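Presented sequentially are two complexes of subunit A, the first with subunit B as partner and the second with subunit C.
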Partner chain A sequence: MTNTSTLIAARPADRGPPAWTRWLDLGDRALAVVLLAPAAILLALIIVYPVLRLGYTSFFSLSLTSGLPGEFVGLENYSLMLEDPVFWETTWNTVLITLITVPGALLAGLALALLANLPFGVQWPVRLSLLIPWALPLSFAGLIFAWFFHSEYGVVNDVLNRMGFEGIIWFNSPNWAFAAICLTIIWKTSSFMALIILAGLQTIPRSLYEAADVDGAGRIRQFFEITLPLLKPSIVVALIFRTITALQTFDIPYMMTGGGPGTSTATLAMYIHQNTVSFLDLGYGSALAVVMFALSMCVTAVYLRAIRTKE
Partner chain B sequence: MNIRFMAAALAAASMLGSITPAFADTELKIFVSSQHQPDVWRKVLDKYEAANPGVKVAIETGGNTSEAQAQYLNTVMSAKDPNLDILMLDVIRPAQYAAAGWTSSFEGKDMSVYLPAYVEANTVDGKIVALPAFADAMFLYYRKDLLDKYGIAPPKTWEELAAATKKIAEGEKNPELQGLSFQGKAIEGAVCTFLLPYWSQGKNLVENGKLTFDHDAAVTALKLWKDFVDTGVAKKNIAEVATDDTRKEFQAGSAAFAVNWSYAWTHFQGAESVVAGKVGVTRLPALGGGEQASCLGGWEWGVSAYSTHQEEAKKLVEYLTSEDVSVFMAANGSLLPTYAAAYKNSEVLKAVPWFADALQVVETAKSRPVTPRYNEVSEVIRTTVNAVLAGVTTPEDGASQIEARLKRILR
Partner chain C sequence: MASVSLRKLEKSYGALSIVKGIDLEIGDGEFVVFVGPSGCGKSTTLRMVAGLESISGGEIRIGETLVNRLPPRERDIAMVFQDYALYPHKTVRENMGFSLKVRGIPARDSEARINEAAEMLGIGHLLERRPGQLSGGQRQRVAMGRAIVRRPKVFLFDEPLSNLDAKLRGQVRTEIKRLHQQIGTTIIYVTHDQVEAMTLADRIVILKGGDIEQVGTPDEVYNRPQSVFVGGFVGSPAMNFAKAKVEAGCLVFSNGNRLALSAVRPGRDQGLNGCEVVVGIRPEHFGPVVDPAVALSARVQVVEPLGSDTLVHFDVGGDMLTARMPPEARPEAGSEFRIGVDPTKIHLFDAASERVIN
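Right after this comes the complex of A and B.
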């Protein structure tokens, strides 16, 4: 801005600016529109259009294995869904995974962040070990933990055996398989929570703790009166991201159990993938995806509302 | 930039552009399933390239199971991607490809040269969807040394097999040695796991496109496997075992019997095998009083409907499905031939002597249901088998679930 104004000032007063620089004179509002347009168009192309298209497809009976052209069926895909036991089972599994792994990752992440924020002499090993699980692709984490929990060759059962317990056939039982998946997800995602919370921790002024020390507040009191309230914005941001990714859980159970035994650990995202990619039933798959989209939107709305009332 | 230079460069480029196509080879891309000897197929393709100057063939592989490959190809084909010209398809897929219109049909092709099972598998609604690459079926592999040691003949029924494993286990006292390894994981192999004892009772799943589900036969079939787990014939975590796990376990000497496809044979005789020279192979047992049944496998060559080289691709597929190539792949890659005469070919029998007995198995093997919605049928059966073996569902409930869900798919 300063550059343009000096340029304009330096120009001889009798000659106006060249015509091609006219756009520089746009009002603030128009300029904002021009500058935001590329991002808005990009978002419309890669997010808004596909989502609308998804909703449109969900009203069609469109299955590539039928050999028939798509046919408008209104809400039939949605009514099929209500009667589909696998839809309910996978949705319930998804909600359960969210309810277990989001608080789990929050607690683990908070603990890790506090640990990483301690005044160690050398901080990079701690930070690096925080980054590695976060940087690891989800499917790799799933594969690695599938081996950890393997009943014969896995390290988990080996440790149990050495401690004198009998090994567990983890993926033979819905409950143990579910537990193994949740543990893996918490391990994989707590470092992301920790990174965001750590950033929040570092913005808390040291002077607050010094003042609390002077006032005679103990460590625990300081944590609940200073650290936690000031961390709230970071925690809410971390929770929004974590909850949405938890609702979309796919990679880890897909790699670890493939949804088994039976369909007892399959998630909604896996069921969508199965219907679209394996069964090529694009209509039904789209309807399922619309439900998942709506679920994610609801959760985001709840969080956003929670932040607004806080302010 | 200098305008004259740019013009000269453009002119040069357009000249090059107009000249190169005359010299360019036709490049065909062929998808080969990675578990079926892509390196041996490469030798066949090299021969074809040498005999047909101007054609170059590149192999693409991906995914290590039939399901993973099917998912990949589903994505490629539903995007109408012209990149792949020729696809190797599992025998269960032609109906789906025909319904989706993903392959070009071979009109006027004389199919009578192939084994009848593959004529049937590749003909959908009178159209020839693909041509057979090689045959396959499930076999019973057994440890010849152990059977000889305990004076046991290769079992003809599953009951005899159970008794044999008991005798071997009592004699060997080796906790690492399983009786029988089969597929309990929710993968394609588990569909055959269910169908083997079901078929053995003389029942079919689908006849003339209609579901002919026999509830009692299904309960008996599921119960057979569950009892094997409960009585220690198979190991407790059999629900974790996929096709290649069975192969590895038997190859490592940790199973007396194994149910597997023909590809396992080469591995058992390989340098990494501790059972080389000690392996016998025979027909799968029957359920007491029933017939011996096997599951028909095999893979097919289809030409993508989106390929821009239709003629060249079809010509190559004709070559790949010729008797010469079938014999070559049998002798060099241990893939079962699709021509009856090839099973008596001296070159083949020298390399894989047991193929002499394999023809009967392939000829009597049964097909999994032929339907465009096969993926859904497969998913219902394999997840239920998996749930029953893990003890999550009883054989009775499992059979009812399969029936209810198949009724919805094959209505």
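Right after this comes the complex of A and C.
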């Protein structure tokens, strides 16, 4: 009996927690900092540092082909950019692709989502056909559609011929090439829009539609008075993601036209790639990338503000 | 305002029959409550009246109009949903005015109706808020307001109080009753709560397994239940049931307790000899022994003082029964005692069919 109590009394646990755990006795604020630090450090390393480094490089004339060390040139890369017609053309192409494919994908995605939300007996074929374009790598989609629009072997011209129209040499004309690219991007991205909107649709309780039925609203009225307003948050989220990726459009035009004919279908991202990877002109390429980054940030800011006022 | 008539109304999903041929006439201005356990078909029936559920057979008339194939908006009904189904992005005013806007009622009229309904329900100060900013009870009132402004022929309530806490439920229940007295429109009300049914209804329809078990005023279903199910469903605490056999003019319980049948059914005990019966006694119909021929020997198991009265659970030969006693009664658990029964309040049901024996 005495032995047991001596043993218990001797246990270190009875004198409080071991010393090495003391550092856990932090205030709430300090604990929060400690817990957030790993994520913050990771983000700083893989996002903040590269972005800052990009801005820094954009003030240098740094071309790997010249073999010379980088020379500080201030804003010269930016003033070069303003006089560079290809910069303006590719930027305009990027903006145009965004202005066409984002609303296009939104409308197509909305339609697909409404279709997928219908009470079909068998849901999986619809859901699967929604997932496949989304899961497909961008460059594959570009390759597939390059074949679809091929002037001799493509299915599009084949269908046109069968319908009695003359085939189009898609990739020889700037306008047709641009149209083909936009169609491909809309096809590829509308399923992503549809998935987000479908998730939004499924959060709308059925009883709201029943209440609207009883209130006397028809299907079209229900869509505009209930579905659309309640989908707004999902649509805004989908638009943010889609617009930012649209501004960064690269793979599909790269695979379909390589930017041609000329630079008529080249995007800003392709021009950055060309300058940095092909021409190894890191200074100018960085300056271009800074512009694209700024463009993306502006779009994000606009949408974030839109969401905040909604809430 | 209008009457509602259901004839041979059926609903089935494939082979699964949910509502099995209901016949019911609901009078103009009547407050009818459908009550029953989950899955009895009460909500389905209501939704068929609303037009939210298709009909597998039979017919529904609202007033003189056969509405079987009419969409909800052409039936001139208003409905209060269990989850209220308020439009979350619209203000209370817009929620209440939506049906009027859809129907092209001029803004001035619609405004007047909204204000009148809001006044009636005491939600005038909430008109510019959105449902997300309201409490459960307030949302409930808005849902009722949305129904009232329509001035429909029939109000349908689908378990409207089940999302409220007990205290609020009592309050809103009273308001619904007052509302009915004020506007007098026909109401069909679905609930699984027999207290709601008893307090609100002009007539109660008790459903079980897709069939009507009994239709009657609260007084009728309480005092003259037509089956063991109705007896057990209506009243709290529930009616006590014990198996017994009729022998030589007595109800004989399994532990040998005997009740004289001549007291229970004066002049009507012929032909029951040898029958197996279920004896139903409400807790409030036990009392002190007046006539030794209608008393039971029992052993006290549990005593629950409620303040207003005391519930005594006792054992009669394996059957657990409950008696509602005066508050000062405090029998000791485990003690043996004799308890009297009001013989005129004893219900006899056939043991096989579980229907009442008249």
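The rule is short, and it goes like this: the second predicted complex is superposed on the first by the 294 of 311 C-alpha atoms of A that agree within 3 Å, B and C clash if a C-alpha of one lies under 4 Å from a C-alpha of the other, contacts with A are read in each partner's own complex, and residues count from 1 in each chain.
Keep this in mind: contacts are C-beta pairs under 8 Å (C-beta built on N, C-alpha and C of every residue); 3 or more make two chains touch, one makes a residue touch a chain.
Being a predicted model, the structure only gives us computed values, none of them experimental.
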(request) Evaluate whether subunit B and subunit C can sit on subunit A together after superposition, giving fit or clash. (result) fit
(request) For A:P229, decide between first (touching subunit B), second (touching subunit C), both and neither. (result) second
(request) With the two complexes superposed on chain A, say which partner A:D213 touches: subunit B (first), subunit C (second), both, or neither. (result) second
(message) Between subunit B and subunit C, whom does A:R221 touch in the aligned arrangement: first, second, both, or neither?
(response) second
(request) Answer with first, second, both or neither: which of subunit B and subunit C does A:V95 touch in the superposed model? (result) neither
(request) Tell me which of subunit B and subunit C touches more residues of subunit A. (result) B
(request) With the two complexes superposed on chain A, say which partner A:P205 touches: subunit B (first), subunit C (second), both, or neither. (result) second
(request) Have a look at where A:G259 lands relative to subunit B and subunit C in the superposition and call it first, second, both or neither. (result) first
(request) Could you tell me if A:L136 is touching subunit B, subunit C, both of them or neither one (first, second, both, neither)? (result) neither
(request) Mind computing the angle subunit B to subunit A to subunit C from the CA centres, in steps of 10 degrees? (result) 150
(request) With both complexes overlaid on chain A, what's the closest CA-to-CA approach of subunit B to subunit C, in Å? (result) 52
(message) Applying the document's contact rule, which stretches of subunit B touch subunit A when the two form their complex?
(response) 67, 70-71, 74-75, 78, 96, 98-101, 185-186, 236-237, 239-240, 372-373, 375-376, 379, 383-384, 386-387, 389-393
(request) Going by the contact rule at the top, pick out the subunit A residues touching subunit C in the complex. (result) 205, 207-208, 210-218, 221, 225-226, 229-230
(request) Report the residues of subunit C in contact with subunit A in the complex, numbered from low to high. (result) 50-52, 71-73, 77-79, 81-83, 85-89, 98-99, 102-103, 146, 150
(request) Please give the residue numbers of subunit A that touch subunit B in the complex, ascending. (result) 64-67, 150-152, 169, 171-174, 258-264, 274, 277-280
